[in-house]
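Some structures to go through are shown next.
You will see two complexes here that share chain A, one where it goes with chain B and one where it goes with chain C.
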Partner chain A sequence: MFQYILYRLCLVFPVLLGVMLITFFLMYIVPGDPVLTMLGQHASDESIARIRAQLRLDDPWYSQLANYLLRTLRGDLGRSYITHIPVRDALLQKLPNTVRLALAAIVVAIIMGVTIGIISAIYQNSWIDYVAMTFALLFISTPVFWFGMLLVFFFAMRLGWFPISGMGDGGWQYLFLPAITLGSRFAAFLARYTRSVMLEIIRDDYIRTARAKGVKESMVVLKHALKNVMIPVITVIGLNLASLLNGSVLTESIFAWPGFGRYMVAAIQKRDFQVIAGSVLVGAVIFIFFNLIVDLLYVALDPRIKYE
Partner chain B sequence: MSNKVLMMALVLVMVVSVALFAAEQPQYGGTLFRENNTDWDTLDPAYCSGFDAGDMAVKIFDGLVRFDYYSNEIRPNLAKNWEVSNNNQTFIFHLRPGVKFHNGRELTAADVKYSFDRLYDPATASPGTWVYDMIVGTEQALDGKSDGLAGVQVLDDYTVSFELKYPFGLFLTHLTLPYGLIVPREEVERWGDRFSQNPVGTGPWKFVEWRHDERLVLEANEDYWEGRPYLDKVVYRVIPHALTRIAEFEAGNLDYTAVPQEELKRWTNNPEWQPYLHQMAELSTYYLALNSDFEPLNQPRIRKAIALALDSEQITRALFPQYIPADDAIPAGMPGGLSQTGPGYDPEKAKELMAEAGYPDGFAMEIWTSSGENSVRVGGVLQALLKRVGIEVRLVKNDWSVFFATVKKGKAPAYYLSWWADYADPYNFLDALYASEGSRINYKNAIIDKMLEEMARTTSVEARVEISKKIIEVARQQGDPYVWLFHTSSTTVKQPWIKGEIHHQMYDADKLVTWWIDQEIKAELTK
Partner chain C sequence: MNPGRGKKREGFWADAGKRLKRNKAAMLGLMMVILFILVAMLAPLLAPYQPEQIDLFSVLTPPSREHWLGTDYYGRDLLSRIIYGTRISLAVGLTVQLISLTIGTLLGSLAGYYGGKVDLVIMRIVDIVLSFPSLLLIIAIMVALGPSIFNVFLALGLVSWTRTARIMRSEFIVTRERDYVKAARAIGNNHFRIMFKHILPNCLAPLIIIFTMGIANAIMMEASLSFLGLGAQEPTPSWGSIINNGLQYLRTAPWYSLFPGLAIAYTVLGFNLLGDGLRDALDPKMKDV
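What follows is the complex of A and B.
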């Protein structure tokens, strides 16, 4: 097991190198210029040339790439061309906000999605199943933006139960609506997915055996079926949590949530290469980390799986 | 009721309103809650290339001069007065004694020199070097061949002189721009790249806190040389989405905001809010530019035909009824604004001109726009109107960065863009749009260049307005490379308790020293 973890950690380095190379070359060939964003319509050819030289944007590609790789190896993610703020500082500020939102959204998704999925499977083809799956379809098809505004209208403006936007003093009430908005779509997906996995499992021989032995239905579901349902479900949750941690720009915009997604999208629009490169790298690390966690969770859930 | 009686009643209401307003004594205290749709790129004056950054920087820092709070005229600020000599080439500023930075140190002429030297220090890499390139020694400083600007000299602790390379009548106006705000050397050196996160100026507001993408807090500078602001504190929240901003306002969490376009009817039709709504012409001009590097747009008759085929009134009415149709480059509410008559709308004449130019069956062209929602909408309308006269338009939509890079390189045959005033003077618009040097549409007109030079030299606003009219006329006669579409306006709404002079056309004119809160009204309405 320890060897497996070590092996996976060793694999991280070539993956990250690949991510860095792809990001660099994409940014190098993509049209647009951060200096034009800085200078705006007053940009003269001389001032563009001068600032490009100062930012070393005119260096040959291999020199820029070498600088970027060496700097990153030293743990320096660079500074934003536009704001001059170190990317590391900005990420340290935004990531905790995004982690809070993503974890809250995933909790919403698991509680709603897994529960509804299991109930739907147990009561397959009943009115409960139809209602649950209709709602699931509705939530999957609902644009996040529209759903977020709807929540704001009813629960913040009409009922006054929650704040409209922002993080305020960091209280849970500020997290509630953004988490529901971000988590609802995944909850709907998870409900459908859990239902289909559950339907397969409850027809398996060992479940039939358990029932034949007279085990109570609740025990059949919670002890025998649920554990096996969770193996594929955890894979989906792990990968989606990584996506949510990489930011959800729409939810962050509607609720004025100062997260990673808004930061990265703004950087892409401004061609702020240092910010894009730093954010993509951190995003990749998050993705790799959660993949590893998911793989390790398999062992905990399924004793048949052993990593040598 | 006869018209006369109605008129008298209106006059009476106005007199009573004025009397009531005059009787209102500004109150001190309270926190103002405002919003911004995006985080500020910087608070360091040397990098304030955007409106948002400049708007915030003028609250923390002061320049030698500033815009008036009630008009677009220039007023003394850190300089109590000045002398102009040598045919508008030498400016000597006398500073106010006793003005203190927020760190307690007194401002002197050395700070003024340092701030301008810093702007032209190659290590600073400021995007604002275009603003003062008329000062002697800017090239040498930027090339690293001199230590500071030879044209800025400290005469004594409270006197500083500026020597210009050529007469420039708008030098004082350029000094109002955020790049000309004065910074304290010791704080810049102490914080280095982090000065933007820890700004220290002489302005009416002291920096308290900046949580990026979330909020920025300022507190009143009790020692401000002009007297402390009425408000105690200002909290700006970064709220990217327009509908969220208006929802926060409606819930009473913001004191002032812009009404989004999709909400305009709901707010303007609500009598309860009508007294608190304000519509203001903005100093902007939206246009379609025609690039002479591309056939057949290099032909004046074709450019005239395109202008005649596009009805700015119809476009504005259909898309943005609250905006003002444009006849020329100069926006309403500015010297020389809305004083001309446009080319008019005459599609038949447009077809005749196209036939004369050798295109009786029309032609195909590309119009470039950014992928912003409004730009795409305008592009669609331009496409439809030009099709009526036989011009097949292919819309090329790109994100701003790609779009503007293409425009800047002169590679876009035609494009939809705007110009927003750096300051309220026709020169700012005409020089940016018609000057041969740096033209993005290969427009070269020696007569216009000469007139622009004259405009730059004179200090008389009237003279500049007269010349601007001539430039507009010459451009029109020779096939204007721009089709003028509209000038924008903003509709804002404030809470009933917000009082004072709160509407400013120039983004960098508002130092928030004329705003105040009527505590009684606020207490009454929020209890």
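What follows is the complex of A and C.
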């Protein structure tokens, strides 16, 4: 087990290096001159030359790369071409909002997904099961941004129950619709997976033993089976972490939620490449570390798992 | 040819076909997919208007007898745009899968067949690509290449091959030890011939499943990119960009964004139902791929 943990930790370094290389080269081949984005079309030749020198844009690629790697490792992600605010500071300010949204979505997903999955498994092949699983597949097939838009239309615009967008004073009513939007697709994955795990669990010997001892059926489900549902929860969170991050970019755009995704999408529209590069890099780093945590949690939860 | 083996393969596909036909959800998915493809092929016959036909006298009109699904900000007929949009989605699904299956099969089979250092290098590349949340990597590629539908094909193809590579690798690891592969090697076939003439045809089942599921995924991703303004550009009638354009009229013209979203959900659901059914029919072991 310790060997696996060590191996898994060492694996992070080449991956991080690869991620930095990819981000660098993508931004290196970006068409158009970033200096024109900063100074506008009517900048004088001297000021363009000065900024180019400042950003080291005339250096050969390998020296730009070395410079990029060094400053990134120091935690310097550059400054926005437009607002001149350091990308790191802006991200540190936006990320907590994204984390809040993601956590709320995970809570929504676990409550809805695990419940629906367990009920579906208990009533396997009944109409309840069919309806639940049809809805799950429907949610997986529905674009997140479109579902969010429907919620805004009905619950914010027509019924006026919730604010249309933004984070306001940070109250729960602002969080509600975005969390449902982001969480429902996740809940659908979770419901499907929980169901299949439950179906295996309720046929297991120890459940039969519990029943044979005369334990009440509700207790069998709640006490004995539910304990083993933690593994699918972690699996689904692990497998769909990318989908959660992708979804948060889209959800934040719909709801004007002041998080990491909206910050990046706004930068795309303004062609603010430094911000885009920094956000992509930070998004990937967060993703890498969460995957690491999920993998390690696995080992902790299920001692049978070893590296292949 | 080995007659015994040929018969066995035929039996496998016939059995799988029977299992698929018994699966009602999969058959529904198949019908949805066929309808989608027919609409894409017959778009000029089905669409009541040209998708780019601007009519400034009927801007943002609600669904009516003239315009069944209403019109957009330029007075273009939304039904016609959605019908022509099937062509964009179909093209995205097929092209992206062609690119990603080619890269994924090639790298996956090399890794699985040769093992050792080749395997190590290829799998680390897979790890690096997988360590990006896919949408962020695609956004970065799209920003670097510039928004256009052709670049969407390229970006999605370059990002989505990893799953194919992983599955093909494990198929090749199992298959390369089979007797018929050893026999093919013993009679002096070269590696290329063994890999692509002997092993690959036996890995067709997972490829079909990945292909179907991958189309659903590619259509969803294209819609997301176009929704963010990074995919197809005006006046291309991509479903994602129609939703994006309609968003600012959500309060006054909700039909604008409603119908293209239904079209996406319908299409993706069709491919997912079919994919689920194919997975159950072809390879019951392959869960949650």
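A few notes on this one:
One rule holds for everything that comes next: the second predicted complex is superposed on the first by the 231 of 308 C-alpha atoms of A that agree within 3 Å, B and C clash if a C-alpha of one lies under 4 Å from a C-alpha of the other, contacts with A are read in each partner's own complex, and residues count from 1 in each chain.
Note that a residue touches a chain if its C-beta (ideal position, glycine included) is under 8 Å from a C-beta of that chain, and two chains touch if they have at least 3 such contacts.
Values in this document were obtained by computation on a predicted structure and should not be read as measured data.
Of the two partner chains placed by the overlay, only chain C lies in contact with A:26; chain B stays clear of it. Once the two complexes are laid over each other on the shared chain, residue contacts for A:115 go to neither chain B nor chain C. Look at A:253: by the touch rule set out above, it reaches both chain B and chain C. In the superposed model, A:284 makes contact with chain C only, not with chain B. Once the two complexes are laid over each other on the shared chain, residue contacts for A:38 go to chain B alone; chain C is not touched.
Using the contact criterion defined above for the overlaid structures, shared-chain residue A:140 touches chain C, although it does not reach chain B. Legend: residue contacts after superposition of the two complexes on their common chain; A:50 is shown touching chain B, with no touch to chain C. Residue contacts after overlaying the shared chain place A:241 against chain C, while chain B stays out of touching range. Shared-chain residue A:196: touches chain C; no touch with chain B. Residues 31, 149, 152-153, 157, 253-254, 269, 271 of chain A lie in contact with chain B in one complex and with chain C in the other. Only residues 31-33, 36-45, 47, 50-51, 54-55, 79, 82-85, 90, 93-94, 149, 152-153, 156-157, 160, 164-167, 253-256, 258-259, 262-263, 266, 269-271 of chain A touch chain B when the two sit together in their complex. By the touch criterion stated above, chain A contacts chain C in their complex at residues 11, 14-15, 18-19, 22-23, 26-27, 29-31, 137-138, 140-146, 149-150, 152-153, 157, 193, 196, 239, 241-242, 245-246, 249-250, 253-254, 264-265, 268-269, 271, 273, 276-277, 279-280, 283-284, 287-288, 291. Chain contact summary for the complex, chain B toward chain A: residues 38-39, 41-42, 44, 47, 49-50, 122, 125, 127, 129-130, 142, 193, 196-197, 211-215, 237-241, 243-244, 247-248, 250-251, 253, 399-402, 404-406, 408, 419, 432, 438.
Touching chain A in their complex are the following residues of chain C: 124-125, 127-128, 131-137, 139-141, 143-144, 146, 216, 220, 223-224, 227-230, 240, 243, 247, 250-251, 254, 257-258, 261, 264-265, 268-269, 272-273, 276, 287-288.
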